[in-house]
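Read through the structures below before going on.
Here come two complexes built around chain A, the first alongside chain B, the second alongside chain C.
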Partner chain A sequence: MRKVFSVCLILAGLFMVMSNAAFATDELKIGIMVPTTGSEATYGKDMENAILLAVSEINAKGGIAGKTIVTVTADDACDPQQAAAAASKLVSENVNAVVGGYCSGATLPTLKIYGDAGIPIVLTAANSTKLVSANPGNTFLVNSTGDDQAITAVNLFKQKGVKKLAVIHQGDGYSEDLAKLTEKKGKEAGIEIVAMEVVNKGEQDHSALVTRLKSKSPDAVFWTAYYADGALVIKQLRQNGYMKLIAVGDGSNSPKLMEIAGKAAEGVFCFSNPTVEYLPSAKAFGENYKKKFNQEPGPYSALSYDGMNLLADAIKRAGSADKAAIVKALKATKDFNGIAGPIVFTPENKLARSNFVVLVAKGANWELNK
Partner chain B sequence: MSNLDIILQQLANGLILGSFYSLVALGYTMVYGIIKLLNFAHGDIYMVGAFIGFSILSVVSGILGDGWTGIVATMALSMIAVGFIGVIIQRIAYRPMLQAPRLSILITALAVSLILYNLVMSITDGEFKAFTVGLGYEGISMGEVYITFTQMVLVSATAVLMTILHLFINKTMYGKAMRAISIDQDACRLMGIDVNRVIAVTFFVGSALAAAAGVMAGVYYGSIHFFMGFVIGLKAFTAAVMGGIGSIPGAMLGGLILGLLESFGTQIPFIGSEWKDVFAFGILILLLVFKPTGLLGRTEIERM
Partner chain C sequence: MTTDTLVSRTTGILGLIETHQKTLLVLFLAILIGIPAYANNYVLEVLANTWFYVILCLGLNIVVGYAGLLDLGYAAFFAVGAYTTGILTSRFGFNFWLTIPVAMAFATLAGVIIGGPTLRLRSDYLAIVTLGFGEIVRIAARNLKITGGASGLIGIDRPHFFGTELNQISHYYFVFLALALLAIFASYRLQHSRLGRAWQYVREDEDAAEAMGINRVAIKLYAYIIGAVFAGIAGCFYAAKMTAISPETFTFSQSILILLGVVFGGMGKIPGVVCGAGALVLFPEVFRGIGSMRLLVFAVVMLLVMLYRPQGIWPAQKS
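So, the complex of A and B:
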């Protein structure tokens, strides 16, 4: 009796292994790591939706080499500890690859977890330069990092013939980083930085600063912080007769800037991650997204959609679901054209060219600068 | 820009900024003068004034337009409304505490500040509101120095309000009663002065002035938010201390001086504009070391 039982057990075990193996042959498991709870949940949901849309399109076309894609979502809650738990969960689920990653701080500790398991990961929003240095080799960033924004900015200034530049930030990590990077890249490009100023958060009167800036007669003023205070600075610059170029960083990419600054914002330049509304090639995606989820795509939806499609493309090129082969194929990405632009990686696995777009304020809206 | 132009322009900037500080500082100093309370909720009254002005303007602009007529009407109505809010706050929060130790009423003031701040935050969802008015950027330019008509009107309005206040304090019975109460409350009560009523009037006037400053800030800067009272509350308090807290001319002077210090502090060569506050507050410390009562304050003899 006991013998029969153990034989049964062994058989059952064998069957399970076999069935697993059988599933593995016609299914690909992709992990989605995004925050679906917590303060950043809306952005995480926008990303997950875009990835799911890409997956359903790929599966509708017969999957990748006959294999259907199944997804597992793990919630990182934009919290480093929970992100580590989410990554471990995806590793134990034995996923073939991971796509997602919104908060840089939460994504950072997961890179090693995926790296140890050899799982390739495509980061579609997180873009801290720290992620580049912490990359164990399996991580691919499809969103441009902060220094790319500085390069885009400096390129615009060069193109507009700016020789003297004034930079204003607010002393917080984000805006100061961008200001310092712009200073560095600007100097390399031969632009003189005539002023590097700091504005206190919540201060309303910037007239003294404006006078100081005007006395240094810059050809352009670059505001690297957020829209609310930026709108006041822009308004007061224009009010006091500064009529030359003004540009703002991606933290100021909000129509609220025009609402507060009014007509003073007309013609102000802004740098932005490629979001659906400014991408001519993302029109179909935007419509399908709206149809499927009954809402507008979020700021990182386009990149997440590209990230999933890139992954599918790499798996197809790799010709197998083997993780190391996928990493190799991702590295070799050459002529992948996403809706947010072409993707080519540097040896560090970050975008070879900046994907920041230049917007210009027209009336109450931002429009793509042509 | 030549150096002279810079000096003139910064002078204008400082005077405009200083007008705002003065108007808010007056409320601090009046309340302190009469009941020895540092009313930390005063910055938030300024903020509430801006928001009430914002709501009133949306109605008034439909009738009078969003030019100067509408703005003046809005300002007058907001001053009255916020004046009454000040009186209500005084009646509910401060009056029961008048006989309590001074620390208790100070903490009550902090609580009032938190309540106002969080109330507006939850009503507005913490969003910035655009305060749109139909004023252009026209002005007069003298060489490189440029002053808009809006700026001139704001400074003149401040001057008018301060003159009215000066006359009110020095020429009316209520003003006389206020001055008397600030010297000796108990004696005033014995003389048949309705002390509570006079205190209420003081709160009304102080809050109305803060509301005027709030509406003016909305008109001038074009955006308002729930956090806007914090920085100016701090600066106006500084201005009141600089001028000598409890002294009304002191608050006017202190506000203007602080405004000028800040705008010239921005211009100090070799260091960035982020040092302007260090400069302004450094001068405050020096001033308090050499003249602890402030510029126009009286030495107070505390009897135990």
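So, the complex of A and C:
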């Protein structure tokens, strides 16, 4: 008896999994793929909230061409295997499109799964350059990829009349990549790279580095790594009389930099993803978000909100819920103005402009550089 | 109902299953082969994942269950296999099938590297060394150029099998099912071999085993190597299935998860380990509907199982 019971239980569980695919013609099914469990769950939840906010606003206005949007959230747990399962689940549930994607590593293997099913996917946070080369044609990135930060940085340096640039990184994948890219883009723009230095993590005394840098008299110093060590480098540069431009990468985008470096950080430039607090046009969104979820929007909320609205816009332009038509409409996106700026795609379906914003340290806070 | 009757009843059912083993096995196998004709891709994806963990858990079972050596870095061997295939196919244009023997060789080497220096260590110390080994492999993969650094490798070629490209999830369902069956068969044969008995002896009493003429060093090394080869082969096919690998897959929590499958199911008992691996994958998926709470439910279920069946779902009977 007991055996029959347990077998029934297992079968019931399997049926629960399989029988989820419901169909309704007056509904548009949108899949949300974000990590809602695991170490990145907070970011995933922020993204999901922003998408749900966009959906409720669209539905309140009568949906898209009379169709209401329903969402299915699939947790990828920031893990490639779970992401593959989540993607297959969304495909099995016949979603019309997918929005989300936080961890690049977990998102990568799902692109093919969506691609095989022809489902359009709008990635609102994941931004590895590998996603661009692995794109089967249905993927659209609304976040700038890493190399765009180098472009924003070089633009700032040129605007400030920098001729000689010193770059410092910490030898890890992220900061080294950014440093190398900046070197490449800088050279293309006619900026001379006078120094390319590596600092070990956790080092306290940077006097040797500072002396070496001063002897090369750069017009700007670019720190591509993280705030904890960056703050010390900035402090010691200023103490030793280097008074020209200092810029830091998005890894140092934290108020802690000012906390550690104190007055020395004043006027330091920083590059950041477009987060709600630095976007003038995202004010209403930020307030609605706080009202609905009783918390501050996260770093990728604005982009996720834009991603969902872009998708809705594309479906409206496509005039049908047909997946191929949506992909075509997304590709043809021309004058879509999101709260994080306009969205236009390159032929590779990545954002045509760098969406990094330039911040400047004022007292204990970062402010948008105008 | 008291705990005792519950335990004896469940043991009774398990006994019943054991007596009708052959018929049940044939029936079960027929169902497994028939599933792809009816199930959707999601179910196949989850089941393929289950078979995959069955292979890994059985491999670890050899080290932990049979030889009694605690290994907290098992994901490293799996990483060795996955990266061997990934690097050889994507950077050197190797045929996928040719990478398997290479991966086996590297896994063997990794088994010797971890097994060699740790032979004299016991329990806690061994656990720490294996943990360190697991982390070393992951961090090396994260920082080396050839492994693609933190973002890993992409564009790993899909293998061809007699002219068909294995690119559907149903293909991988069968691939992993076949590998899991092979792993079960190999585990079964190993368990009842001279080597298997030697492992058991060493596990129960190392000194007595040595006194009886068992080469302790060789026996333990074999356990590591064979366990590593299981994971290495699983890793090859994992790389082929995902077409992209990154160091995040081979974290400490992955090693723990595999160990969990072994302990949860019942150390040293093949059907137990298979059940454990299945539970590991199926539980979080079945409860996907309840969202972020699913891992909490999973944890509670696991605690209950451990409370009422401390030896695992289907433990080995000690004679």
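FYI, the second predicted complex is superposed on the first by the 346 of 370 C-alpha atoms of A that agree within 3 Å, B and C clash if a C-alpha of one lies under 4 Å from a C-alpha of the other, contacts with A are read in each partner's own complex, and residues count from 1 in each chain.
Everything that follows uses one rule, which is that a contact is a pair of C-beta atoms (placed from the backbone, for glycine too) under 8 Å apart; a residue touches a chain by one contact, two chains touch by 3 or more.
All of these numbers come straight from a predicted model, not from anything done at the bench.
Novice: Using the touch definition from the top, say if A:A261 reaches chain B (first), chain C (second), both or neither.
Specialist: The answer is first: A:A261 touches chain B but not chain C.
Novice: Considering only touches as defined above, state whether A:V132 meets chain B (first), chain C (second), both or neither.
Specialist: Neither partner.
Novice: Could you tell me if A:A325 is touching chain B, chain C, both of them or neither one (first, second, both, neither)?
Specialist: neither
Novice: On the superposed three-chain arrangement, identify whether chain B or chain C touches more chain A residues.
Specialist: Result: the larger residue contact count on chain A belongs to C.
Novice: Both chain B and chain C contact which residues of chain A?
Specialist: The answer is that chain A has no such residue.
Novice: Residues of chain C touching chain A in their complex?
Specialist: Checking each residue of chain C against chain A gives 9-10, 13, 16-17, 39-46, 49, 142-143, 149-152, 154-155, 167, 169, 242-246, 248-249, 282, 284-286, 288-289, 291-292, 294-295.
Novice: So in the complex, the part of chain A that touches chain B is made up of which residues?
Specialist: Checking each residue of chain A against chain B gives 171, 195-200, 202-205, 207-209, 211-212, 214-215, 217, 228, 231-232, 235, 238-241, 256, 259-262.
Novice: Which stretch or stretches of chain A touch chain C in the complex?
Specialist: Per the stated touch rule, the residues are 2-3, 6, 13-14, 16-18, 20-21, 36-37, 41, 45, 73-75, 78-82, 84-85, 88-89, 91-93, 103-106, 108-109, 112, 116, 128, 130, 133-134, 172-174.
Novice: Can you name the residues of chain B that touch chain A in the complex?
Specialist: Going by the criterion above, the answer is residues 1, 6, 9-10, 13-14, 16-17, 20, 128, 130, 132, 137, 141, 144, 146, 148, 217, 221-223, 225, 227-228, 230-232, 262-267, 272-274, 276-277.
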